[in-house]
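As written, the chain order gives the labels A, B, C and D, with residue 1 at the start of each chain.
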Amino acid sequence: MSMLTMDQAVEEALFEEMERDSRVLTMGEGVVQAWARLRDNFGPKRVRNTPLSEGIIAGTAVGASAMGLRPVIDMLCAPFLLYAMEEIVNSAGKLRYLSGGQFSFPLVVIAGTGVAFSLGAQHSHNLEAWFAHAPGLKVVIPSSSAEAKGLLKAAIRDENPVLFFRDFLLGRTPGEVPEGEHLIPLGKAAVAREGQSATIVTYGRMVLTSLEAAATLAEQGLSVEVIDLRTIKPLDEETVLASVRKTGRLVVVHEASRSCGVGAEISATVAEKAFGALKAPILRLTGPDTPVPASPALEPFFAPAAPQIVQAVRQLVG
Amino acid sequence: MSLSLPELLRRMLLIRTIEERLRALVRESKAPVTSPTTGQEAAALGVIDALSQDDLLLTNHRSMSHLLSRGADPRRLLAEIYGKRTGYCQGKSGFRHISIRELGVMLTSTVVGAELSMAPGVALALAMQDSSAIVACFFGDGASCEGVFHESLNLASLWDLPILFVCENNQWQWNVSRKEAQAAARISEFAAPHGIKSQTVDGMDLEAVREAAQAAVAYVRKERRPFLLESVTYRLRGHNSIDPQSYVGPEELAAQWARDPLHLLSQRLAQAGVVSDEARAQLQREVDAEVDRAFAFAQESPFPGPEELLADVYA
Amino acid sequence: MSMLTMDQAVEEALFEEMERDSRVLTMGEGVVQAWARLRDNFGPKRVRNTPLSEGIIAGTAVGASAMGLRPVIDMLCAPFLLYAMEEIVNSAGKLRYLSGGQFSFPLVVIAGTGVAFSLGAQHSHNLEAWFAHAPGLKVVIPSSSAEAKGLLKAAIRDENPVLFFRDFLLGRTPGEVPEGEHLIPLGKAAVAREGQSATIVTYGRMVLTSLEAAATLAEQGLSVEVIDLRTIKPLDEETVLASVRKTGRLVVVHEASRSCGVGAEISATVAEKAFGALKAPILRLTGPDTPVPASPALEPFFAPAAPQIVQAVRQLVG
Amino acid sequence: MSLSLPELLRRMLLIRTIEERLRALVRESKAPVTSPTTGQEAAALGVIDALSQDDLLLTNHRSMSHLLSRGADPRRLLAEIYGKRTGYCQGKSGFRHISIRELGVMLTSTVVGAELSMAPGVALALAMQDSSAIVACFFGDGASCEGVFHESLNLASLWDLPILFVCENNQWQWNVSRKEAQAAARISEFAAPHGIKSQTVDGMDLEAVREAAQAAVAYVRKERRPFLLESVTYRLRGHNSIDPQSYVGPEELAAQWARDPLHLLSQRLAQAGVVSDEARAQLQREVDAEVDRAFAFAQESPFPGPEELLADVYA
């Protein structure tokens, strides 16, 4: 075990995979500075600064991955992905299918997510739901440095295009990370905390907020289960449904806006497949359907906070 | 490939015959809609003839000339157009995004500009694998209106990528004339500011295209640098096989048909005594028979089963 | 009343609004040919063919609308929007908010949607859920020529950016359209058919499929209510909730892929706000999480069909 | 605006003083992070001085010089940077996307390239309203790597839009050197293929920039055609106020500081006897006092209330 921030864990995962597999290369604006250790060890051919051109960065990853390379591109902030949607969604997500399986696209797109540092809506915009809605892509969002390492290593080894969202705040938060070969399979959620009377399904930084709420509820004598999805797509329905069948109550928590978000998908899945087990309405605590404000006075109100989660759970069991 | 002039003529006849047959059949709803390359056969064939077998191609929605020039099997090609299981993409693509990996035809997209966004990655892989192969990226004049065209040129120049950018400037972008869409006089002029060499050639003249392409290919292969070749050609048919071209002036169209690359080549080969009119008539008969067989194969081939809907989403 | 296809109804709405308001202009690839009547009547300044550059088409609409013009841009097919996400989502959707309300963006983006004509996944991709998830945008999808006219006229008069999705098949289907001033307010759903024992919530072309299913069910003695959302965002929760409170059963139907689609949002909203009224699980019938195949043999299996809807409803009431 | 040389010097002092103050305060966490325009004051001021009041501007994340040159109130500007209700955007923006409609500063986006995507629409509106005003669109060398730069140039040329494209080529794109990101020698060279006139000027020399800008503005205003002006300047500070610039060579940085536009102008005005050293010291004292008041206003201003989170999403 070593203590690493999520950003350090990402670099460690990249380092190990680049050492393991010479086909892995990284590209992006400033990756040479961000991942100096990679540049020093693997050289300029495999760690490439790019022009400020998100479209061609993603398109290049698509072309390179079809040829057998395993590119990892850093798009910095999720909203910058909007210049690369054509390449990620129309090309990487569809050309395997449209070609009758002639090509595969083992690439990873890293993008920063989360409401932080008064960045405002053009840097802070949680977009994971979009990539879950589009076909042919996988989506992961770690909630800790250890998850970041394990999920990124698994994403790099996956044969499909994977969106890897890195939370800005967690990026600077230290946490224990297993040394060496630490892999977390895509598509498997984790039970972050076991409980009996209600289930909280969440992911990314909201896992910490939810665990905080669960601790408070425990003091109040309420045992709550917290599920950390880890992978948004493919979704680990089994784990979610099993928990809800046990507790009968569900609160979904995420920072992204509400309409057509991941919370809607979780809620709808449960309302269809575990309806009989439900003892109460399914609640969603999410970011509002607004852009993210930059003012430090407004920013803290965007994401759900622990007290709201506590209140929501109490409302369900009340 | 460096094919003989008679063989080049045969391929042009094959392309023309298949596309005109498709146009005839679509009127009787006996064929799917397609986007004819009629008028652009020389621009495609001249470049592809200058490539070697291990070079890679990217094309787009208007790919018939590229695919057949490269040696695609007309039967599997038509089967794909008909959405049949025996098609190159198992029927999933239809005519719009046909890629044929076994022939080095990579990653065809019908989204205009996508060929340009994917080409650098394909070339980067060749570079990192120390291959001597190069990438030929075929795109239209309309694609050069998409910003990613410039991003692609910049990256190719910056990273020394072996890409032959081939713009088939056919003067039309669907029903919009190039002049209405682009201020530039020549598309090749966009290369220089990015530090890329370029040339503009008469895309109706097969031998001129081939000569320019041979020089360009040699440059890209030797220097491991990009090059932009613009073929000035013309879309003699509609945007697709059911487009009446009502927006094209009849005089303009007539003038362009007078430049028909197939006619030009036939004439020249006849005059040079390389392929006599009789020999050409014989070639045409052979091609007709081959095309008959190909259509029969495509039409009689089985469709994919419903289970295919869910197949090949993920690797 | 006149019989118009949806495409003709769109042109009629544009004609009337351009006549009414000189600030309205249309731009896009081939709009001059598509809307020759507009070009003839309003001239080249207000009906503009554009270069093949979706990004700048959308960006130009953003800039022009901020200046007080009311641009309507035709992006042809929804997947082509992927070149314009930055302009639509980061600029049109966020710059009013980030500027403290200094600007508004009264623009309309028209895009073709639906699985049709063996176009394949790069022309056929239902993306309405994305724009519902992003902040600051409105989304409408008509199910008939009349709705197309009424919703488009209302969208053009709206002060906000509106995505207007036009179904390819309906585009060629004739239907009765009221002459002149026919407006359908954004944010209001329609009860397309009244019923007692179950509610089908749907939109766009699937309204027709759902009504077909409802007719079959009626013959079988089952009265089903069909709700035509018309506007995806803002969502008319009241109408949906009122219907489910009455029937106690809900099936959501759309052609778009399942994960994080509009159906998930509807289901989650009901599972939270009308849970007490639910007598059965909420079912979603949607397109699969795959690209759209071009083969005429596969294309028909992508969208939900009437028999599946019939079966789903019977399962709920069974 | 055609300000007097002393007033131009005063504005440069004001910009420099505010930004250096912000850099000092951010270290004590008494100010938010910002992106200094230090080194680029002349490139901004020289152009904005050549504009008239009814002309419109688009800027980006590095806007301090543009906003203060245009006459923004330092108090409301700093209040916005601090996220206060009294800021130009009611605190919603922070420093990254400050627009000031009352000064004609439109639609500021922090997404690189967005200024270029929105400028044609602003200019189109002016054209359709038969206004004599023009649009000045300020962007960085990095923005010229985004494909939309070329889409913007093409449309502006095609539609005769009155846009002065102003590239502040400061040699850096965050921590990536321009040479590592762009093959082009000069960004102004991208104009010609689109049929647009251009000029490259020394962005450190206020009078040179102003002279070039006056000619460019006159051309755009009279011809109703776009023009591309490239100012060769340098980002003397980090990408943002906490960036140590560790990736910049010390010799290079020293050489560039020797070109400091504020120093150049002060020197020139002193030598010409227009603004003596004493007069400049006096100007500096006035500026310091103004800046003190502005920071006090910003720091003491109220924050927006929580209800503001949901305000101004829709019109």
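Note that a residue touches a chain if its C-beta (ideal position, glycine included) is under 8 Å from a C-beta of that chain, and two chains touch if they have at least 3 such contacts.
Because the structure is predicted, anything quoted here is derived from the model rather than measured.
Contact with both chain B and chain C is made by A, D.
Two chain pairs are in question, A-D and C-D; the one with more C-beta pairs in contact is C-D.
With centres defined by CA atoms alone, the chain at the far end from chain C is D. Averaged C-alpha coordinates put the centre of chain A at 36 Å from the centre of chain D. Separating the CA-averaged centres of chain A and chain C is a span of 29 Å. Separation between the centroids of chain A and chain B, computed from CA atoms only, is 41 Å.
Among the residues of chain B, those touching two or more other chains are numbered 91-93, 97, 109, 111, 113, 145-148, 151, 154, 158, 180-182, 313.
Counting only residues that touch two or more partner chains, chain C has 50-51, 53, 55-56, 79, 82-83, 86, 90, 97-98, 120, 122, 135-136, 289-291, 293-294. Contacts between chains leave no pair untouched here, as each chain touches all the others. Considering their complex, residues 25, 45, 48, 50-51, 53, 55-56, 58-69, 71, 86-87, 90-91, 95-106, 135-136, 138, 159-160 of chain A touch chain B.
Of all residues in chain B, those touching chain D in their complex are 145-151, 154, 157-158, 180-185, 189-190, 192-196. Listed in rising order, the residues of chain C touching chain B in the complex are 29-30, 32-33, 49-56, 79-80, 82-83, 117-120, 122-123, 288-291, 293-298, 301-302. Those residues of chain D that touch chain A in the shared complex are 32-33, 83-84, 91-94, 96-97, 109-113, 142-143, 145-147, 173-176, 180-182, 247, 303-306, 308-310, 313.
Those residues of chain C whose C-beta lies close enough to touch chain A in the complex are 79, 82-83, 85-86, 89-90, 93-94, 97-98, 120-122, 129-130, 132-136, 233, 235, 256-257, 259-265, 267-268, 270-273, 275-276, 278, 280-284, 289-291, 293-294.
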